[in-house]
Every structure is written in C-alpha cells, then in structure tokens.
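Common to both upcoming complexes is chain A, partnered first by chain B, then by chain C.
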Partner chain A sequence: MPQKYHIHTKTAPPRFHPIGKYATVEFRENCAGSCRKCVKKKCVYNIFKENLLHMSAMEEPEYLYTCMSCFRCVQECTKGIFSRTINPDYRTLGDAYWRAENLHRLWYQAHTGKIPVSGAGYRGPFVGTGFDAMWTDMSEIVRPTRDGIHGREYINTCFELSRRETRLEFNADMSLASETPPLLELPLPLLFRLSPELLINDHVLLPMARAAKALGTLMFVHPQDLSPALAPYAGHLIPCLTQENIAQYGETIRNSRVVELADAPGIEVAMNTVRTIHPDVVLLVGMALDRNAPARAAELVHSGVDSLHFYADDHGNELNAVQPRFLKEMIREVHLKLVAQGARQKINLVFSGGIAMAEHMAKAILCGADAVTADHALLIALECRLCGRCSNGLSCPVKLDEPLDAVWGSDRIVNLIAAWQSQLIELMGAMGIREARRLRGEVGRSMWFENLEKDHFGPIFGERKVPGLG
Partner chain B sequence: MSQKSQSKITVFHCINVFGDGDALPAVASASGELNFIKLPCSSMVKDVFLMRAFEAGADAVVVLVCAEGACRYVEGNLRAKKRVAWIKALLDEIGMDGRRLALFNVAAGDARSAKRFIQEALSVAAALGPNPAAARSRSDVALV
Partner chain C sequence: MTQQTQKQPLPPIREARSRFRNTIGKYTLKRSSACISCGLCAKLCPYGVHPRYENFSKPMRPVEHKCIGFACKQNDFYCIDRCPQQALTLRLNPILETLGDYRWPSEMLIAHWEMAESGNLPVVDLEYNLGYSGGGFDKIRFKRPDPAQYRRIGDAALDLSLDLNKRKDGRPERRLSLPCYSGGMSYGSMALSALTGRARAAQRLNTLTCTGEGGYPKEFMPYADFVITQVATGLFGVREETMRFAPVIEFKYAQGAKPGLGGHLLGDKVTPEVAAMRETVVGNSLFSPFPFHSVYSVEDHKKHVDWVKEVNPRAIVSVKVSTPTDVDMVAVGSYYAGAHIVHIDGSYGGTGAAPDIAKKNIAMPIEYAIPKVHQFLKDEGIREEVCLIASGGIRNAMDVAKAIALGADGVVIGTAELVALECVRCGNCESGRGCARGIASTDSELGQMISEAYAEQRIVNMYMAWRKQWCELLRQLGFSTIRELVGRSDLLVHLDYLEAEERAQYQPAPRKRMYI
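Now for the complex of A and B:
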C-alpha cells in the first residue's frame, strides 16, 4: 500500500507574549488582599500568573493580555474589582484585510497545528467582501459515516506543476511515440513565497525553506536572497529570475527543479536558454495579475511553459487598476479564458496574494486555480504582527530581524500548514470530493452572494445600482 | 562616551483618550523619541509599567488620562493619578527626580493639548538631562 501523505505536527509555543483579544480592567486598590476566594488564583487559564510573569520579563513596557473572556473573575470576585474589555492593541492589530482575528487564528494554528474552534457558534456576519461572499457546498457532511472524517486518508491534495501532453501517440508496436515532459507533483496545492512588503532576511528564510522541505512543497525566492545556508534546500526553492540575469545564475538553474522567469517580451528565447542549461527543469512564468493577465495567459499557453504564476497585491486585489477586482473574479477570468480556448488542461495556474486562511486556498481552487501561495501567513506563523515597522526600517517587536531557532520556526510553519491541510480535507470530505485536482474550477459546488442576490431579489428590485455590499 | 542626542519619552494613554481612529499627537522626531502605549483604562497603568519605562531608558514618562468625571470606568483616572503621585514620590526618594513623570487630563481626541503636554515633558527631560537609571544600566553593560 503506498505511503499516505501525513504532516507531523509538534507544539511550538510562541517566543513572545501574543497580543490577546480581551483584557481585564482591575481596580486593585479595592482588593481585599489575601482573600481566600481570590479569583486570580482560581483562573483556569492561569492568565493572571502568566501576565505577571510577562510583566517581570518585559524589556520595554508593553500592555499585552491573553484573557480568554470566560468572565469568571468578573462574576466571582467578592469585591467586584474586575471589568472585561477589548485589548486596545488588538483593536489596531493587522488591517482591513488581514484582520486581528485572522492573525489570532494563524498564531493559534502555528502554535498547536490544530484547526481553531470559535466556540459558541458563528456570530459574525454571513456575508462579507472578497472570499467571504462565497460559500462552499457542504451537502455531503450529512453522511459522515460514508464521506466524513473516516475517509480523510483517501482524500488526495496533490497537484502538478509540470505541463501535460493532452494527446499521446503510439508506435505500431504500441510503445509510446510522443515525448512526455518531466512530471512534478506536489502533495499540497500550496507554495511558499516571501512577502516583498515585509521582512526578508536569512533568519526567516531558513525556517521557511526547512518547512518547505518537510512538507514537500516549494518556495519562491529571489536569487539575491539565496545564501549558502539555503544550499541544503535548493531542491525545494524556485529561483525567480529575469531574462537579464539568467546567465549570471546558471549554477542555480542547474541545481533547481523549478525556475520562474518574469514575463517580458521575448520570454520564449529566455525559456529556451533555461532549458538548454537544465533540460528537465519545470518552467514557470510570473506576471502581474492585471487586466492583461487573461490575454497574456492565452498567448503563453502554447509556448511550452509548465505553469503560470500570477501576482495580486497582498490584499488579493488586481494590480494596476483604479477599481481593482478581487482575486476570485480574476482567477475566474483567467481560468475561463483558457477553458474557452480549450487549453486549460495543458497548463497550471498558481496565484499569489491575499491567501490568509485555509478556506481561501480551497475557494481559490474552486474558482479555477491549481495552487496558491502563502506569503504573509508564513511570517505571521513566526509571530509577525504586521505592524509594518520593518517596512519603515525600524526594529521588529518580535525580533525577526535577529537570529532565531530555525527548527522552532520550521515547526511553527509546518503546524500552520498542517492545520490548513486538515481544513482543506475537511472541506473536501464535506463536499464529497476526493481529489484536489477535481475541485479545480468546480464553481457549481459553491454559492456566490452576487448570484444569489440577483436570483432572489433581482426579479423584485431589479439590478443592483452600486456594486458590492454597501 | 557619546551623549544621547534626543530624549526618549514613553507615553501611556487610555484608549478612550485616543481611540482607534484618532491620530496620535505628532511631535517632530528631531525633538524626541516617543513610545506610545495604549491601555484599556488609565487605571491599568501599574507601578511596574512606569518603573519599567524608566528602566528601559525613558527620560520622561507621560500618562494621559481622561478628563475628570469623563472616565468610562468612573474613577479609573483618579486611581491613575494616585499611582502616579506615589511613583513620583518614589522617584524623588531614589534621586531620579519625580518631575520626570507627569500625568495630564486630556479630553477625548484632543491631540493638540496632548502635543503641548508631551512637548512640556520633553523640555523638562531636556532640562533634567538623561535618565540616570539608563546611564547606570549602560555603564553596567560596559563593565560586563
């Protein structure tokens, strides 16, 4: 029996006190003092002791709290000295897309490797912008004995990065006459990439490369960021080259299984040069996800490229547009353009930008992507708070600009991806789909807010005058 | 030994004075290095925070609290005032000068007054010179 793909997780606690969601306001002067019923000692999460220990260890004063909001201290304190509040730092954590609760969940997943449970039901809005305006069909979840958790090990999450021959030719003796391109299959529809907007240094690159190797996936890296420390992971790195620097990085190309070339006029010549240096290399072409992307993809599909890699911005929006469309609409457009040409099976599409949660990976594949990349999420797994200080040349509050334990960092990233893979399998199990490749472009297994609204309210109120949810 | 060119000020403020959408008082970076710390209520400005700020090298510490009678937790600002007074006395006692620590009442979102108070603290810090505790810890490091 073939070995099953399984990600081994190991608890990796954070190095720094995380910014908690809740905090308590405490009127200490009213405390009875050495009370036998002291709620601080009774806290089931040991929060008061942990916060005290943090205060004694902090270098700069910082107000961080990890109250779990169980209200026990508020209710049981005999003097009523506690009030619960939202931690002020939590309120300013992240931004409109990378929301504080996303960061919290990513930290939790990186710490434990488990799927986060939100507790007392879903209390949020039922629709939002971007991927939140898309729901997946989970109808098969009603048959857990047949399709649910027990079938997990038979769900395949592989995808191919190499090109496919759509038609095979045989000789008279039935031997294969057509030349088959090299095959590269990865176990997860997820690749790694460094966020160009955030910190890039050896200290964060090493754990990421290590995690990529442990997971069997690949990481995009700029050749100027390559260092001797990354040499053992060369087989799991994708150097992102340009036409101008191919000659300079000949040795890197020879050591790589996959190479990405930035799209530019005359890319076919550059592709031939790379294949001359390393004939079995899998070639990707990287391009901006803008309004020209679908047409350019249709042009490149017959050029012999293995996969196309589209870059959206870090919020998953189209580039170079006044009113940018979101990733899901852009993926649909590129995918459908290739479907209309009958060329979709020849090539693989990888999309970068705005992948913040496990469900984004599944939803992007449903829209038509073969794979996506994790970028900010990897740094968040290493405790990044997206404060943006590094972009302004300031020091990092969680010391990612200083040497860190690569094993610990790699464990955190592996944990995060293990939790994402679990969620992908959970979702596919609930959909009754056993192949990630089968999920690609299956929009029929999803519902889109815009379509539902049009179908249900369109006949009554007519067309929506203002797009979006406003 | 190189002299510190600008003063370092740590500002503790209640979230109800400057909320999520409010702009924090901007003081020219040439005048001093500012470190803002948000608190859910000014009453959470514990002694350990104030002392830690000085230990971390702050030349002055400013606590911005809600106007009297405007505290969301009724008496949080009054409690902060008492704690600041106690730490001021403690600073005087250990020879660090209690004037390095100051508390001001600010109306919600009044960045202009806050800026004036911070500049006031900067001039006090400049007059008093560098934080002796920070200088001491620096020399300790040098000895090690």
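Now for the complex of A and C:
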C-alpha cells in the first residue's frame, strides 16, 4: 500500500471565550426567581451551566459563543422574559471581506479540526463578489475512487514548487542528457505566510513554523524575523530576500530548501548568486499582483526560476490599481498569459492574499494557480479577532503578544489546515478529480455567475441591464 | 390501469397551534403592571391577540404573533391607543435580527408558521415570497398581468394537479392534487412522528412523501399509496418487499445539499431501531457511497430502472440527480433509461446535514438548471413525455410557481415542511442528540416533542395556504390549470434584465446585511 498523506488532528479549545454571535436579553424584573422550569436548566446544549453562578464566579458569559440558536429558551420561558439580540461585538468583528461568520467558522475548525457541517440547506446569498461568483462542478458518475468517503485518502493534493523541463534529451547510449532540476513536492497546495499588517513575533511564528513542519508545507518568512527558536524548522521556512541582502543571509540560504527573491531589475543576477551559494535551492520570485504581473511572469518564465509568487492585498485585490480586480480574474490573466506562451508547464504559480476559506484554495487552483498561501487565517486560528490593535501598537485582546504554548498553537493551525484539506477533497471528490494538479486551470469544471446568467437566463430575459452581480 | 384522475376533495383546514408557550411574531406587545384587567383590549381585538377567559379576570400575555402591528393604528380597535391605562407597548420585535438567514428571512419563517397554524395567508404585514439572497427567485417576478384576463373562478374549480407518468407506457397515470410533493427524509434522520405526520398529510392532500434512504417503517403502511420508496447509493433499508407496493420508486443518484458526496447519518442518530432498519451497527456513523457502485454509465442506469420495473410492474420510476454542468444530458439519459420522472435537485436546498462548503459551492442553483433541462428536453423532442421535477432552494408558493414557469412540471418541497413544524433553521440537525426542537431527532426525549396529528395538520395547513396563492396567480394569468403555466418563462421578468424605468414597476429585491 502506498503511503497516504493524513493530517492528525487534536482538539484544541480556545484560551479565551471567542466573541459570540448572540447575546441573551433577560427582563429580570419579571423573572419568577427560582422557577423550577427555568429554561436555563433545560437547555438542550447546556450552554447556561455557568450562568447560574454568582457574577464573581462566572467567566465571560460562555453562551454568547456556544448558543446553537434553537430558540427554545425564548419560546419556553414561563414568563416570556427571554429574548436575544446580535452581540454588538460580533457586529464589529472582522471586516467586509473577513466577515464575522468566516472568523467563527475558522475558529471552529481550528478548535475541532472538523469541517463545518449543518442542516436545513444553504443560508447565504445567491451570489457574491470574488470567489462567491463561481460554483464548482460535480459528476453524477465519475469518481476519483468508488469507495465513497473511505476512498478519500487516495485523492492526491500534492503540488510541485520546483521547475520542470518540458522535454528530456537522451544521449546515443540512451542515458539522460538533460539536466533535471531538483524536485520539490509539497503534500497540499497551501503555504504559510505572515500577515504583514498584523502581529509578527516569535510567539506566533513558532506555532506556525511547527505546524508547517507537521503538515509538510513551507512558510514564507522575512529574514529579520528569523530567530534561534525557529532554527529546528529551517527546512520548512522560505526566507524572503532582496537583491540587497543576499550576501548578508548566505548561511540562511545554505540552510534553506527554498528561497524567495523580491522581483526587481537585475533579478537574474541575484538568482545566479543564490544558486552559487546553494545550487539545489528551489528559487521563487515574489512580486506584486498588479497590472504588470502577467507580463512580468511571461518574462521571468524562461529565467530558470522555479515558481512565481504573487502578492495581492489581504482582501485578494490587485495592488496599485484604482479599480482593483479580484484574485480570481488576476490568476486567470497570469495563467492564460503563460498558457498562450506555451510555458505554463515549466513554472508554478503561488498566490497570496485573501485566502480566507477552504473553497478559496480550490477555486484559486481552478482559476490557474498551483498553490496559495494562508496568512490572516493562521493568526485567526490562534484566536486573532482582526481587531487591528496590534497595528496601532496596542495590546492584543487574546494575548498573542505574550508567550503562548507553541504546541497548542500548532495544534490549532494543524486542525484548521486539516479541515481545509478535507474540504478540498470534498470538492475534488464531487468533481471526480483525483489529483490537485489536475484541478489547475480546469475552469470547465466550474460554473461562473456571468456565464450561467448569459446561457440560461439570457434566452429567457434577454440582455442583462444591470452590470456586475446586480 | 388504475387512473387516479378523479378530482379529490380538498382537506379541511383546522387550527394547529404552536407547540411552544411563547410564539415569535413580527411585533412584540407588552403589558405593563399598570394594567387593571378591564378586558377592553380583549373585546376590541378581532385578531385574538388578547386572550381572555370567562371567570378569569387576570390579564394574560398577548398572543404577539397575531398582532398586525403599527398598521392597526388606523383602526378604532387599536389597543395601544384605546387602553385606558396606557399599559400596552408595541414594538418591532428585536429578535427578528437573530432569526432567519438570507434565503429564509425571519418574516418568511414567521409567515410560514402562521400558514401552518391557520391554513390561511398571514394578515400581518410579512414578506413571505422573497428573501434577501439577492438573486435567482428573489429577483424573478411575474409580469404585471392584464386585468382584463382575470378569471373570476373559485379556488375549488382551479386545477393544480400534477401528472407523474406522461410516457403512456401502460403504467398507472398518477395524478397528484398539488404541483408538489415531499422530499426524501430518511428514517433515522427525523423523528418518526414527524415522518408519519408527513405521510398522513400526503394522503389527505393526495400528494406523495418519500422515505429517503433509511428504510420503510411499518408506521408508513396505512399510507403506502402515498409514499415513494427511495433507492439510494447506500441501499440502506431498501427491500424488494417494500418496493412492491410503492406507487413511485425513486433512484437517488445525488442530492443538492451535498452533490457528489453521498448521504451522512452521524452516529448519535443511529439508535437500535434505526440500526435494525438499516441493518447496521448502533452508534456507527453511516456514509452512503457516491455514486451507485453498480453504475458506470447510462446503460448501467437502465439496468437499475429495469430491475425496479420488474420488481414492481405498477411503479412509476423517478430519478433524482443534482445539477452539474451537464445536467441536461443526465436528464435525457435518464429518460432513455426509462424514467418517468426526472428530478433535478439544485445546490441550495436540502434538509439534512451537509458540509457547508458543499451546500454553497458545488453544482448550480436550481434557477439555472430548470430552463437548461426544460429547453434541452424540448430540443430532443421528449419534453412531453417527461415529468420534470425541481427541488433545492424552493421555499414558498411563489418560488414553486416561478419554477414551473421556468420549465418544471412540479417541485419537491423539504425545508418548508420542516418550517411548518416550527423549524427555526438553526442548522443543528446533525449535532449530538439532533434537533433541539424535536423535528430532526431520534433522541428518546426530543423525538417525542411532535405528534403525528400536529405534523399532519400543520403541513396540510401550509399547503392549503400555498394553494390560495397559486389559485390567485392562475386567476390573474387567466389560466384554469397550473399545467398551463409549465415553461411559460415569457410570463416572467428578472429585475436585472429590465431598464430602470420598467424595473421600478416591480417590487425590488430586498437587501439586508444578515448575521448568519
């Protein structure tokens, strides 16, 4: 039996009560006091177990987070004094892209390692911006395996970070004449990256590096953030260097499997320098995902670089643009540019920014990426609330600015990524695709809002008059 | 061949009150301690908001969900103004913000509870036809009808029936009295009383319900002629003996909630009874494989269809599939394999537990799939021989009508029936002991919260309220049968396809930030 990639999860409860969606409202003046039928005692989910304690013995009310919204307390209170509202803190949680409900689901996955499951159908909008304007296909008959859920481990989520030759040449004696570049394959199409806008310190770096090692993936890190504590994880770190500081970090390059260089004029010279220091190193070039990115990718593809890494903003938007396009469109443009050149197979494309859910990973690959990076999501796994206090030099409400248990933190991140990988497999299984590499650029296995509208509503309703999503 | 084409009498509507002490309404009406229990409000209110029993002078808590709210201010029986002690306070219920979601907003839920309770359309100003999804059915409207074509004809004279067998192949030509029937919910996923109540309602409404993939409990036997037997990929509880008396046998290839993933029944719900029915182990989670292990092609599928036709020569065969890009080809394949009913299940529906990522992302919404399949069947020249059934995210009576106008013959309803049983769509159908409201639970305590009679009447009432909406629509369109509406997409408009001036003539799509 071939070895299978499996992520082992371990429940890792939050250290702090997460911000809950609901707050209960009690009109106490009408409370019967020691009512034997008090709905708090009857809660099916037992969420009020601390609520009966004296205020001084009670932590932050836990029901704010754990309420399952069955409304039985509201509807069964003998005096009708119970009501609910949306927690004011929940309203301000996250932002327009990293929405409160996303944070909740990320926390749940980091806690349990399980994928979010619910009943009673889909609850969200018909269509949304960005990745929410596309659906993935499914097949009624074709399966990656015929064993249902038990065949999932045969679905391959690997991708390569190393370049590849498109043809091999042989000598007259049939020995290999081509030089084959080193092969670096990672088990899942997801790398780690630190959120530049948010907290970066050893307390959060260590669990992330530890999780990267446990998962077999790699983490982009700036050399100034490297500390002795991270030394055991050097093989799972990608130092992000510039032409100017290559000489300064020669030792770091020698200890790394992968190095990223920031794109700049003269990058080819810098690449040669790095390869001189470490000939087998896998080399990435990082660049802004802006209007120049596709053309620049087309220039660099023949330079001997292994992969290109494009940085969008933390909402997945194009950089340096007045009307920025979303990651989805940008990936398509870069991917198709290289396809048109016949060079797409030579190189790998990694995209950063705005990867907030498991489905983003699958959809980015469908659009043409080889892999994506998780950034904010890693901090959210560590209970980050995206409050932005750290950006303003203020203290962190979940104490990520203080030492934390790296094992606990690593478990949370591993749990989150395990849940993401599981969801990627769900999507691939439904599509009948057995390898993540086969997913790349397979837009035929996806359905896009504008196409569905045009193909199926166009013949009925005519020309669409409202642009965009309406 | 038996033909159930004779007109069935409509089932009577009876009040079926909420199971819960405190109902949730659009408005809250609070009585303060200033009340002197004069009883004036009880005398004034024609909606029964202020119950008062003879020989019991204490004021009772208002029945808030009956209150029509601020619209009542123009009436001389407006209790807030008439109360001599000014003891009553009326507010918009703040809890609405925590109830519902984009597809089923709070007002749609409350309205359906009211329909299930009374059998009538709500008198409270509730929006029950449109959600906040911002697309699909929520942006489709029926064109403004010509008043001249209005047909003055009573509800009883209008024909809302649905023919399931259009192949004329010698099998029964089953006709349902409604353009819809109930979706599959398996024994084990739901309280047995709720399931049996659905079967009883199906009998009274002359429609059908479906076993789902979980076997055929003996409680269904009295209603056997109204129960579809489902044959799904796990073959849990599938027996030829129960297939022999099923009027319809449904092959479930896929379902909209989890297209391409197979069914899940988590271990907590696998009680000894459920395990016995499914011939499995108590407490072990059950995962149906996907797809059928014996089906690799349309030819294999035909063998399946031939098998059930052989087992039950009187059965109508339905094939339930999801909505991939090639759903039109799948539908044609099913027809040529011998299916009478092609049932397409869109991605936004489903009642059972499913991964959120699947519900949101996999397969196309039913609004696109219906016209795609309808047109393809027409192009193939076989549309008149297929009963095209749609499901998945069809929430209310107007969604049903829109689905039919887009090209479906009828629809399958799941979630709305659960809402009629006072589901709040909290989504915890799968967790631990299951549904805290006793609907989707096999727990010994929670499973007792619903009686068969309650479930039956609430579902009957909801469909009778829907029927009123369909009848009014038919009258406006000048039709006498709902079959005239099939495929009449020319009667529809989509707001995004109209110029601003024309769009202004229609109700805009509601928009709101929801916390889900």
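Operating definition for what follows: the second predicted complex is superposed on the first by the 428 of 470 C-alpha atoms of A that agree within 3 Å, B and C clash if a C-alpha of one lies under 4 Å from a C-alpha of the other, contacts with A are read in each partner's own complex, and residues count from 1 in each chain.
The criterion applied here is as follows: contacts are C-beta pairs under 8 Å (C-beta built on N, C-alpha and C of every residue); 3 or more make two chains touch, one makes a residue touch a chain.
Worth saying up front: this structure is predicted, and the values here are computed from it rather than measured.
In the superposed model, A:26 makes contact with chain B only, not with chain C. Shared-chain residue A:86: touches chain B and chain C both.
In the superposed model, A:140 lies in contact with chain C only, and not with chain B.
In the superposition on chain A, contact is made by A:77 with chain C only, not with chain B. Put chain B and chain C next to each other and count what each touches on chain A; the higher total goes to C.
Within chain A, the residues touched by chain B in the first complex and by chain C in the second are 25, 83, 85-86, 91.
Chain contact summary for the complex, chain A toward chain B: residues 23, 25-29, 55-56, 58-63, 83, 85-89, 91-92. Those residues of chain A lying in contact with chain C across their complex are 21-22, 25, 44-45, 68-72, 74-78, 80, 83-86, 90-91, 100-101, 105, 115-127, 135-141, 143, 146-150, 357-359, 362-363, 423, 426-427, 429-432, 444, 447, 452-453, 455-457, 459-466, 469-470. By the touch criterion stated above, chain B contacts chain A in their complex at residues 10, 12, 15, 20, 35, 37-41, 43-44, 46, 48-50, 52-53, 56, 73, 75-76, 79, 82. For chain C in complex with chain A, the touching residues are 18, 20-24, 61, 94-95, 97-99, 101-104, 132-136, 138-139, 233, 253-254, 257, 259-262, 264, 287-291, 293, 295-297, 321-322, 324-325, 330, 347-365, 367-369, 371-372, 375, 393, 406, 414-415, 418, 423-433, 435-437, 440, 446, 489-490, 492-500, 503, 509, 515-516.
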